Each structure stands twice: as structure tokens, then as C-alpha cells.
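In this document, chain identifiers A, B, C and D correspond to the written order of the chains, with residue numbering beginning at 1 in each.
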Amino acid sequence: MRHTDTLPTEAPLQNSTKDRVRLLISCPDRPGIVASVSQFLYEHGGNIVQSDQHTTDPENGMFFMRIEADFHRSNSEGMEQAFSDIAGKFDMDWRVEHAGQKKRLAIFVSKEDHCLLELLWQWKSGNLDVEMAFVASNHPTLRETVEEMGIPFYHFPVTADNKRKVERAQEDLIRKYRVDLIVLARYMQILTPQFTAAFPNRIINIHHSFLPAFVGANPYARAYERGVKLIGATAHYVTDELDEGPIIEQDVQRVNHRDQVEDLKQIGKYIERIVLARAVRWHIEDRILTYENKTIVFS
Amino acid sequence: MRHTDTLPTEAPLQNSTKDRVRLLISCPDRPGIVASVSQFLYEHGGNIVQSDQHTTDPENGMFFMRIEADFHRSNSEGMEQAFSDIAGKFDMDWRVEHAGQKKRLAIFVSKEDHCLLELLWQWKSGNLDVEMAFVASNHPTLRETVEEMGIPFYHFPVTADNKRKVERAQEDLIRKYRVDLIVLARYMQILTPQFTAAFPNRIINIHHSFLPAFVGANPYARAYERGVKLIGATAHYVTDELDEGPIIEQDVQRVNHRDQVEDLKQIGKYIERIVLARAVRWHIEDRILTYENKTIVFS
Amino acid sequence: MRHTDTLPTEAPLQNSTKDRVRLLISCPDRPGIVASVSQFLYEHGGNIVQSDQHTTDPENGMFFMRIEADFHRSNSEGMEQAFSDIAGKFDMDWRVEHAGQKKRLAIFVSKEDHCLLELLWQWKSGNLDVEMAFVASNHPTLRETVEEMGIPFYHFPVTADNKRKVERAQEDLIRKYRVDLIVLARYMQILTPQFTAAFPNRIINIHHSFLPAFVGANPYARAYERGVKLIGATAHYVTDELDEGPIIEQDVQRVNHRDQVEDLKQIGKYIERIVLARAVRWHIEDRILTYENKTIVFS
Amino acid sequence: MRHTDTLPTEAPLQNSTKDRVRLLISCPDRPGIVASVSQFLYEHGGNIVQSDQHTTDPENGMFFMRIEADFHRSNSEGMEQAFSDIAGKFDMDWRVEHAGQKKRLAIFVSKEDHCLLELLWQWKSGNLDVEMAFVASNHPTLRETVEEMGIPFYHFPVTADNKRKVERAQEDLIRKYRVDLIVLARYMQILTPQFTAAFPNRIINIHHSFLPAFVGANPYARAYERGVKLIGATAHYVTDELDEGPIIEQDVQRVNHRDQVEDLKQIGKYIERIVLARAVRWHIEDRILTYENKTIVFS
């Protein structure tokens, strides 16, 4: 192994010329994957900053990996091309993301503002490192809130008849703004299979229950009826089956017999905000892979 | 209100002569209930140590109350008779429990020992202030564990054919041992409506999921399939609808993509033990009232 | 007990004429307190909606009580006068609060906006039922944020020399605006004993650690140094001993070895916001009594 | 990279011939470490099952790694020798653990049984994959409990005068039984620096508070005095500074004003048991590295 004989003596990378790259890989598990990938990164001048992997089963399982590595900008550019050789040999699904390239968000809302405000507040304070492309809503309620922060607001009145037509207009906007992630921040509209199929693993919804309990409408009222002692919220990628997409994050909060439906809604707002914000952040940081309707979230 | 003119000057109650009484009341809400009850207790020499109440709705709601009061033994004896006057006027469901009178437990188990051991361990260390009447099981697996602790163990092999016959034998034991509470500590058998109807609000089951998610069999396998990020356990009173009785307590624990079904089962054991032990303790301390398939748990 | 012979037949109270009263009592425990108080409320036409009590010790302990009761406006007016008889007999510290009368808040901040924004956001969305009197800060940073929401903003540059002078100006404002509660939403200034003594149990601070761990400055940096696995926040009433006042609420969040000081700060923001908001809400709802540097928080 | 041209076609490893190896590495961060290590494992026929790494800082930081890999027994044997080449080049602290080789535990207790019982119960049920070497105590109280489970029990009455003498006898036992890990399951004795220095990162203590709050004696009484709203427990490696060793795990539970010191102790028992059991499990699974008095716990 000659490559260890002469250890690199270069100066640390300067921020101006540094490119932090995230490499995400899914493939059938086989011996040699980590060796090949890490050798490749080493030969291209990458310094691995973080690396996580997951194997579903030691025998004939699937292998998943997320590597963060720092490159000289000059080195990372040709990397994707070169990597396709390895990728081919191991039959990889893979992608490269550049941490320096901010993702573009579109947020879909209805009338409730708490999830929207949480994301906007985190974005404004520098916590959520994205570009806000636009906010779309089926109600004009939140126009002022959104526009005051300098974000375009689009009002799409949705009826039973025009649903698909509205979605096509929304798809146009998503393309126009080159949106990377659509966040349903309590949008309260069921999307058509055509829309969800157009953006696989790129639409995150917050459902206001601990799924799979209380799929569908009015989860807090049903939680009250059932007399549960904890209420929850679930962030998941949207698929064409309602509330059945891969779960990204869930959390709960304790309630008791004194809490009426209205109290559950208020307590639930906290959980919804936190759970959605976490899921969006993990997506933005390219921490999530999906497999068999489940998520692998690299911490 | 002359009773406040001369405040009691008696010496504090001695433990030997003290009777700690718990009064539990459910009735339609009306002005004057608390005044009447507390006046009654005062006149009978009771000193209120703890008092909780809950009203479902300020207008035409239901009223629930739990009072703990210390009496001289001589005073508490005739109390029940005297209280029935007030109870009649306010149309109360009510009962009096004496804290000094230990409740008698029967535990039903199958092969898994973790919930049983938690209860036995708490009992042995003085944490759970009950008498252990007996343990019943459809398997002989845990006989030694139970008998070593000096508790009678009854083995009832259950088949599709003899289910009701076994239950009748179990009912006989329950009567013979004057059992107050039956705990299904992972019993894994579905009880007949006849059995459950015989012991309303006196059978506590631990279900190994966060109800109403994963009602029925194999909840951990189904939780794994769904890719949830938290797993839970639920203690509830048993009714004739499977896993649909009033929920007493629930809790959850975080899991992630690395956890296989077997891991979920191991992690779940902790939650099951803790949730069941809490529910049993609250029942033993007469903290639970049920109403419309929900519990009021006075803390 | 003649008062139970004729049960009230009045129609439920209308909102327009209803006065929801909260009665808070602290006194030495004695038999007869609950009876006297509830009888008093009954005779004055009050319907008890919620009632909680706490006794530190069944023998010679202290007794604490919070009662919420609905009155006809005409009845509640003379109530305070009449109640002082009972209060005198039982040697009570007591006060009456009217739920319909909004409390007035002053918020003190420095440069960090997350705690301020949480309170403003909850207030704007109707969740926090208060009047915002003013915001005071030792930096002009958040002026625009505050004034945009129609709330007066006062900038007080604080130096080592003018501290007490600034406080006197702030005290004038507090009196002018008839402020009920001062919230230190990451104010980062140590108040003088003169200031804190002027507003006992009326100043709530959020400390960014799980007290009593990391009293004083830079708790996140010290938490990182110590390698803790959970970080926390604590809301407490301010006394003249730094970070030693009665704790109202605390919560924690899990962290791990990957989290640098900067991550702890970001994660901590969530906890600070939630813990402070809960404490403010409980104060506003008159749920908190203090005794021996501890709080009793009636749920 | 010829090694990827011909992918291994061997049959999956059979359990009988399989050796699951855990490689733990600490060294200064440099490019090429992961490449070298994974290439080495690949060339020695290892299949990486799990791999985690942590870098304290992308520039001039420390690098930590834990790899689990499956080998043919024939291959893993010479591995340690061969690996020392790489280790030397990168200036590594490293060790190899074999998952199939059970670690040997000694448990030190006083009179309280809850932490001991949790470990014994998990061990008996197959959850904790260790060999129980012996239990040592300064009281004879738990002898029967321990010996009934077939574990040697040693009673060492400790006085101010004989402390070091007792420790020397304990050290002899530890050597005789070839103990890998000493667990202080509420031992309540302060060990001498000589003893702790003899077993660095091999003594785990459970402290019954959320450190660094309430270092030292009587943490529950002090938690009660301070009026905290959560109580906690901390598992840590023992160093010669009391309660100051690297923290492995912490957890908390909510308490309220009703809870007296005795209640805190009871609630705390749950947390102590769970926190200690987690820490022991992570140690047993070789998931913990220490650095600058902190732990890296690979999940």
C-alpha cells in the first residue's frame, strides 16, 4: 500500500477554494465498497470529514453510505465523471451534492401559520441555510406575512374541479424557480398522483399525528376521542398513498385528561414545528436516503 | 359558618389509629358539590391531604373528584353510610377506598418474563404496595421464577376448544383469592367478552405499541415495516373490543434505521415494563376514573 | 347541611355576564379550609371549574390552593371583601385574579431574538392572552422587529456606571405601563438587588442550562467542555441571587459527541423558547405559587 | 485499482467460522486514513458491517473510528500483527475486539438492589451478552439474591482504616477473574486514586443526578431542596476526581411539587437502571472511545 508511505503535507484547505462534497450511495452490499470509495476520494485529494454507512443485513443486504469530504475546488470538478467507473462496478445509485450550493425551497400552506413561521424564522436567523423560492397557498391569509419577508407569494384557489390545473401551474413555478424541495407546511390539500410522482423524495409533509395512528383528517379530534396520553407529529416524504410515505421524523408530547381538542391543537403546534424543521434540515443537509418506503437518516 | 370560629386543636393523628381514606366521585357537574363533600369530611373529622377534581365542561359537564383524607379510625367507620345522603342528592357514582388495605393482584403471563419481573421486583422491594395473589400462565415456563418468590403459580394450557372452560377456572381462582386487579403482563391470549365483562376496569393489559397504531398482533414487526422513528407501549383497561379499552398510560422511545425487529423488541421491553408498572401503581393508589372509554388519572 | 336540599336551578352563565375568578391561597394546613372556601364560593354563586391543592406535609405542613370558579359579574364584585373574613381565620396569604383581565408584559432582550420571537409569535396568533406593554433592550438590534408588530421599543445602553440609573428609568416605564410581568428573554444583564426586590415573583428569566448545572455565563461552552449528553434550559423567577430563584420549568434535549458549541446553541434555542413560553403561560394563567424558593405549579 | 476488477464471489460466511471483529482507532486526522484502513480490511477478507467515524475538527483535529467487520476465522488471526504497520504510519491508538469473546463483569454494590437487579435480569434474559465474574459489596445484604443466580458474592466490610487494603483484595479478585469491566451499581464508596488509575475507562459508575448538577452525596435531597422540575442520572467512567469522569449517558424524568425526597428516589431508580444498563451495553459492544474527558459513543 504505497499510498501511505508519503503522507500528504499540504496546508489545510482555505475556505475560499474549498468545496465540501457530499457523496450519497445505495447499492447491494459487497466486500470492498468502502475501500474503493475511500481510496478514490483520497486519490482525488478529498479529506473525509464525516462518514456514515448502513447495511440492512450482513448477508446479501443493501449498503448505504453518506460521506462528507473537503476538496480543493479544482479537484472536485471532474470527480463526478471519474466516480462513475466505481459506481458502475458496484451497481450504485449515487449522487454528489455540494454543501456550498444552497437548496431552493417552495413552501405550500393553507391558513395556519405556525409551521410556515418556524421555517421562515429559522431561515431569517441563518439557521436554515436555504433560498426561499416562493410560498404557495390556497388561501390569501398569509400573503402579507410572506411578502413582508421579501418572499414571493402565490395564491391558488383550489376547487374540486381545478385541482389538476392548479397543480400544473404550481409545477411550472417549481420549474421556473428551480425548486429543490417542496414543503407542505400544513397545506391541507391532497395532491394528485401525477404531482407526487413528479417530485419523488422531494416533497415533505407534516402530518399532525403520530403515524400510522390517525391517518387522514382531524387527527387531534380523533386523538381526543381515543383518549391517548401522548400526541405526536410526523414528517414524511409524500407518495401517492395518503400519509403512507417514508417517515423522516416523529416526536410526541404528553397530554392528559384536562386537555380538550383545542388544547391538543395548541400543544401539537410545537411538535409539528419542531418535527417539520428537523426533517427539512436533514433533507437540506443530504442526510436522508430512502429504501423500501423507509428512510435512513444519517446523523 | 360557625365551624370556622373554633378551629380544631386536636393533636395530629397517630399512624396506629389513622385511616387514610380515598373518596372517588363521578357525577353531573353542579354548583355546591365541593362545598358539600368537603363540609361532610370536615364534620366527620377528616383532614384533606390531597384533592383533585376534573370537570369535562363548565356547562352541563361531568364532575370527577378524588380526595385523600386522614381520619381517626373511629370516625371513618360509619362514614360510608353517612355519605350516601350527599351521594344521592348529587346523583353520584362513588366509592371509598382505604389506603391501608392492600389490593390483591393476579398476574397473567405467557412466556415472556420482563413485565412480570418488573412487577415482582417492585413488589419485593416495597415499591408496589400490594399482595400478590397468584400468577397464571398458559405455559409452565415461568413457574420456577414465580414459586421461588413464594407466589402460587397456576398453569392453564389454553386451546381453541377449552378457552372458556379455562377462564371459568381462572374466575374461580380470582374469587377464591379475592383478587382486586388482574394484570395481563404480556399474556398474549384474547379474553372472551364474558371474562372481560366480569371485571370491568379491573383488568389492565400492556400492549406493545403506541395505540391506536398497530392494534393486534406483531406490533414491533409492523412498526419496523412502517419505518417509525419512535416505538411505544400502552397500558389500558381491557374491554371486549381488542386493544380498544380506556388508555391509562403510554410512553415511547426513539429508534432509528439501524434497529431491526429484534432491536425494537429489546428497546420495547423497557417501555412496556415502565408503562405497565406506572399504570398498575396508579390503579393501586385509586387514581383512575373512567368515562366514555377514557381515563381520568389524578396525579 | 341544608344547602344541598335545594340545588341551584339557574341557567348556565352567559359569557357576557360571566366573570371567571382565580383564587390563590397559601396558609398553614388545618382541617376545614377546603370546606370553608368551597362553601363560601357556593354561597356567593360561584361554580368551581377547576381546583387544585397541595399540602407539603399532612402534619403541620403548608396548604396551597388554586380554584377557578365562574361567577355572575354582579356576585364576584364584593367577593374580595367578604373573603377576607375566612382569610383572617386561616391566616391566609391570598389573592383573587380575574381571567378576563389581560396581564401586561414587558420583555427585556439583548441581541438574540429567538425567545422574543417565540413570545411575540404566540401573542400574535392568540395563543398567549396578554397585552404587550413594551420591549426594552440594551442594544438597538431588534427595534425594527418589535416596532413592526406595533409594540413600543426602548433602547437603554447599559454601562458599568449607569446600570442603576437605567434600571430606574425602566422601573418608571414598568409603572407607567402598569406592567404585571417582566420577562427576561435572554437579556444577558444582571439586575441589581434593588430592581429584583421591587418585583418579587414578577420577573421570569430563561437560563440556557439545566440549573443548577452551569450557573452563570457561557453555559453551552461549559456543557460542551463537560461532555454532557443532554442540554437544557430553565425558566425561573429572578431573585437577588444569580440563577438561584424558584424554578418554574425545565426541559432538555439529547446531544452527542458530534455537536460542537455552536450546535448546542442552536439545539438549545428550541428548548429555551419552549421552556420560557410555558413558564410565561403558567404565570399568566395564575398557576404558580412560590414557597421556600420553590414553585408549586398547578396543572 | 485492480481490486475492484474481480469482485469476491465467495459464499457468505458461516457462523461457525465467522469472526466479527471490532476495530477501534484514535489518531490525528489526516487524509487517507479511511482509505488505508478499509483497503487493509478488504485485502484481509473482511466485510465491513458497520462503520462510524468522528473528526473533532476538519483542520488539525482528532480522528476516531469504529469498524465492525466479519472475517473468516483463519483470516482474522494474523490481522493484529499486520495492522500495526498502518497504525504506526498514522500514529494510531487502536485495539481489536472480537464480538464472540464475552466480556467479564464485576459488579460492586452496597445495599440498594435496583441497579444490580437490572443488570442481572438483562443478563439472565440474554439481553446483556457478558459473563458475570462476581459481585462485591461492603454489606452482606444482597448475598442471597446474587448467589441464587449462581454468581460468586464477596463481602468486604469497608472502614476508614482498611479502605486501601480492601481495594487490594478486590484488585486481586479482578485479576483472578480476568474482569474486563467493573460496574459500580450504587456502590456508595469513593475509590482511591490508586484503584481508579489501575482500571482506566474500565470502571463505570452510576451517579444519581444529572451531572454536573449535584456532584457528591445526597443528590435527591439536594434536587428537592433546589426545586428542580426534572431529575436525572448519569453513567460515567470513574477517574480520580469524584463524579468528574467522562460522561457516557444521561437521562431525566419529570417531577413536580408533589414529589418529596422519597418520591424522587423512587422515580430516580428507573432512570438509574436504564442509564446504567445502556452505558454497560455500549461499553460491552465496544462503542465508546474517550478523549479529553469526554466520550464518543458510536451508535
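FYI, a residue touches a chain if its C-beta (ideal position, glycine included) is under 8 Å from a C-beta of that chain, and two chains touch if they have at least 3 such contacts.
Here's who's who by UniProt: A, B, C, D = Formyltetrahydrofolate deformylase.
Keep in mind that this is a model prediction, so the values were computed, not measured.
Contact count check for B-D and C-D (C-beta pairs in contact): higher for C-D. Ranked by how far their CA centres sit from the centre of chain C, the chains are topped by D.
The distance from the centre of chain C to the centre of chain D, each centre being the mean of the chain's C-alpha atoms, comes to 43 Å. If each chain is reduced to the centroid of its CA atoms, chain B and chain D end up 38 Å from each other.
In chain C, the positions touching at least two other chains are 50, 54, 256, 258, 299. Taken as a graph of touching chains, this assembly is fully connected, with contact between every pair of chains.
By the touch criterion stated above, chain C contacts chain A in their complex at residues 50, 113-114, 117, 121, 125, 127, 148, 256, 258, 266, 269-270, 274, 299. The part of chain B that touches chain C in the complex is made up of residues 1, 3-5, 7-8, 12-13, 29-36, 38-42, 45-55, 58-60, 70, 86, 89-90, 299. On chain C, the positions that touch chain D within their shared complex are 54, 210-214, 226-230, 232, 246-252, 256-258, 293-297, 299.
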